[in-house]
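I've put the structures underneath this note.
Here come two complexes built around chain A, the first alongside chain B, the second alongside chain C.
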Partner chain A sequence: MLTLEAISKVYKVGAFGGRELTAVQEVSFAVGPGEVVSLIGESGSGKSTIGRMVLRLASVTKGRIVFDGTDVSRHTGARLKAYRKKVQGVFQDPFSSYNPIFKADRVLHMIRDSFFPGVSASQWRTKLEESLDAVRLDPGQVLGKYPHQLSGGQLQRLLIARALLLDIELLVADEIISMLDASTRIDVLNLLAELKERGLGILFITHDLSLGHYLSDRSVILRRGEVVEIGPTTEVFANPKHDYTKMLLASVPQLHRKWDMA
Partner chain B sequence: MGLRVENLRVYYRTMRGDVKALDGATFEVADGEIMGLAGESGCGKSTLSKSLIRLDSRMKLVAGSVELDGKMLPLTDHEAMNKYRFAEVSLIPQYAMSALNPTRKIGKMIAELVRSRGFSYRVLLPELERRLALVGLSPDVLNNYPIELSGGMKQRTVMVLSTLLDPSLLIADEVTSALDVSTQRAVAETLVQFRDRGFVKSMIVVTHDLSLVYQIADTIMVMYAGKLAEKAPADKVVKEPRHPYTRLLISSLPEVGVRYAERRLVGIPGRPPGLLDPPSGCRFRDRCPLAFDKCAEEPPFVEVERGHEVACWKAM
Partner chain C sequence: MRTELYFAFRNRKVVGGFAVILAFLLLGLIAPLFTDHGPNDYVGPPAAPPSGEYWFGTTTFGQDIFLQFANGLRSTFLVGLLGGGIAAIVGMTIGFVAGYRGGIVDEALNMLTNIVLVLPALAVLIILHTYIGIKSVPAQALFIGLFSWPWVARAVRAQTLSLRSREFVDLARLSGLRPLTIIRREIAPNMSSYLLLTFILLFGGSVLFAATLDFIGLGPTESISLGLMMNNAVQWSALHLGLWWWFVPPGLGITAIVGALYVMNVGLDEVFNPKLREM
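Right, the complex of A and B next:
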């Protein structure tokens, strides 16, 4: 379904864009229908940049992004819009996705305006309630509220509900769990697993290996923009080959083992 | 001597009535103790944290008192609290990293804060630089703008700043939740180091990440819907929790090794009650698998064994 073919991203940085920074270097992997692929790495390793390129929120410097057989990496206009109807993203910091001067549910109504202009009010209402229910939000508690009146977890679930309003084929989930508390986390993870069983492909970006392990079929380990290890999740976790993967594994806090602190 | 909180009730005034975000908390944090504070989003962790520092205009102190090292904190008196804030009790607020003023260099910001509290930046500078070095930061960060630092660097800078005057108590609200695992670990270990070096005497580490706080905390306190549910040594809370909510919370944690395909973890069905008009009796009642008649009455938060307090009729 989605195939990344040696994609790279070079940012121009510094005063007047005089220097170049290679954030992503020749990364290749694929996500199939009903497959969850974890993209794991430290902060700054290029995970979000890859996610943003897949969502076409960042331009692709080099390489191809092939979706259902078509290179979408240079799509614009109507073709880009059609692509976005099938591929949506949810991000880590729920606050930045909201404009504080508008009510939070504006993000839902905007989907209606741009993708479902013909849908009747009652059909829309049902659709809304279904997707809010899927993320366990009580419409009465969240609709009509401003962002500052809702918790981070509520705002995050609202954004997942927003993605679910579209019949998407691929979800890019960029660290969506890290701001949520434990029981909400597992609900959202299980929700993603159910969506996967219904055929949704998920690019699950995380630095938390336990979350990646719980959910994903395959894992891609990213270090400084490059893939250092890739394979079936169970293998990567049982038998990590790269020292970096081992270090990431050792940092995960666990309840049956305490860190040995120097 | 540490911190003693007595029946603390802090509500938010809203158009529709009072939100009972913190509804009667009684607990102590001893000198040298790192207490983890955990619980679902919205249970009142940040409200408790803010209450010990600064009640904003919408928060009202309904009852209770807070004693730090034997002195009562004048919670409702903004002027009088100035003497304690930052110097005796310091808070790293949730989202502190994103709240840093992007147009001010770090050093300038620290200088302004320190001066506003009546201290000389020049006098404190050598100690500031020494502590930055201790957490692996070069003094150059003082000349950086916040956006030029990574999340972990920003968080360590905020930690150094918040403890510069050696406060008795540091409250760290979700300081690791936006960081990656290796940085999280470094920041968490820095907290322990600050305690061990005596930069702070005791600490409240607020988090929803029980596995993380378990690594560094001596004790863990769990809140539910504005009330205290359980407090005990960290090992007890994790290995022998007595409150049904704590048990469910712990069993919902994904550990490395658990996979959806093999063992599906379950969250806690239902939602916490709204705090505008919370139900009487045990607030966990409608989600609790052990609930029985008696739970219509509110369970007191009592010691069930030495150092282990629980608010549940089934745990007594």
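Right, the complex of A and C next:
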């Protein structure tokens, strides 16, 4: 479904773009339907940059992003919009994901105005209820509220509901639970597992290894913009080949215990 | 928004400043309607002090100073509205685009901003005045507007830069919104109070700038303004001849309008910024 073919990202930094910073270097991996791929690495290793390239929020310096057989890395205009019907994202900070001066459900209306201008009010209401139901949000509790009146977990669910309005095939989830409290985290993870069951591909970005293994089929270990290890999550975690992965695993001692018990 | 309106109506600075501006505006709009004479017509006895017939007295040539004042107010508001409006539109457009687009567009617009910032406005105006002539108030306002936007562009650019890195802008892009729509519907509303304050400052700045230009003889030649009244008064030695009624009204008018705008601005700042609200 999604295949990254040696994508690189070079940022121009400094005055007049004088210096170059290679944030991502020739990264290749794939995400299939119903597959969860964890992208794991320290802070600053380029995870978000990859996610943003997949979402086409950041330009791709080199390489190709192939989605369902077509290279989407240079799409613009109508073709880019069509791509975004299939691929959506949720980000780390739920509070900065909402414009603070507007009601939270504005993110849903925006989808309607932009992608479904012709849909009737009653059809839209049905659609809305379906997707809110899928993320187990009570419409009465979240619609018509301002972002500060909702919890981080509700806000993230609402963003997932927003993406589901579009019948997406791939969701880029960039550290979406790292700012939530522990009990809400599990709920959101379970929700992602349900979506996976429904055939959704998920690119699960995290710096926290103990979250990476929970629902992912395959793991990509990223270090300074380069992939150091890639494989089925169980193998990568049980039998890390690269020193960096071993070091990452060693720095999360309680994880081993959890893993052994499982 | 509604709470802000409520606090604005309760803020004495806002209400007081607004009342002064409104009074002058109504005076300028209504008073000239009650006469068939133009502001520069010779209607009365020369150099008459204020009286029941000529409320603000007359000039050396017998022109009605009250009539000149009322018409001058029109010019003042026109120059404030147009000059401030043009500066606001240019400055905000450049600031929004530079801040949102970034990169090479930003650098080019930054360079333009810096060039206009260091251009000596007065020297350019003297040249323009000599070769083209600035005849009307709108022409003067256009000139003032085109020279007063750089600080607005800078401030708006800085705020846009910080807002555009917020994730709600990314989500708007993912929702298929185009850059100008995002600026208009996601970024600008977050700065609406700031943009209003900016416009009020630009309005006051244009009024002062215009008065200065008129006073030193670089104003529009085919109308009357408060600055031009002062220019005339000085030129015809009103000070030496003791014709105080010639130069006091326009001077007080400008001071009162600019002062009221400033007070209103301080008040609005308190309204928008709850930390500054008076207890």
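Note that in this section the second predicted complex is superposed on the first by the 251 of 262 C-alpha atoms of A that agree within 3 Å, B and C clash if a C-alpha of one lies under 4 Å from a C-alpha of the other, contacts with A are read in each partner's own complex, and residues count from 1 in each chain.
Criterion: a contact is a pair of C-beta atoms (placed from the backbone, for glycine too) under 8 Å apart; a residue touches a chain by one contact, two chains touch by 3 or more.
Please read these numbers as outputs of a predicted model, since none were measured by experiment.
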Fit or clash for chain B plus chain C once both are placed on chain A?
fit
After lining up the shared chain so the two structures overlap, which partner does A:Gln88 touch, if you call chain B first and chain C second: first, second, both or neither?
second
Counting touched residues of chain A, say whether chain B or chain C comes out ahead.
B
Name the contact category of A:Asp105: first (chain B only), second (chain C only), both, or neither.
neither
Of the two partner chains, chain B (first) and chain C (second), which one does A:Leu57 touch, if any: first, second, both, or neither?
second
Give one of first, second, both or neither to describe whether A:Glu35 is in contact with chain B, with chain C, with both, or with none.
neither
With both complexes superposed on chain A, which partner does A:Glu169 reach: first (chain B), second (chain C), both or neither?
neither
Rounded to the nearest 10 degrees, the Cα-centre angle chain B-chain A-chain C in the superposed arrangement comes to 80
Name the contact category of A:His207: first (chain B only), second (chain C only), both, or neither.
first
Overlay on shared chain A, then closest C-alpha pair between chain B and chain C (Å)
9
Those residues of chain A which chain B touches in one complex and chain C touches in the other:
92-93
Mind listing the chain C positions that touch chain A in their complex?
103, 107, 166-168, 170-177, 186, 189-190
Of chain A, residues touching chain B in the complex:
41-44, 92-93, 95, 136, 138, 141, 151-154, 178-187, 189-190, 193, 207-211, 213-215, 233-234, 237, 247-249, 251-256, 258-259, 261
Report the residues of chain A in contact with chain C in the complex, numbered from low to high.
12, 16-17, 52, 55, 57, 81, 84, 88-89, 91-93, 96-102, 107, 110-111, 114-115, 159, 162
The answer for chain B against chain A in the complex is residues 39-42, 95, 98, 150-152, 177-185, 188-189, 192, 208-212, 214-215, 238, 248-250, 252-260, 264-268, 271, 274
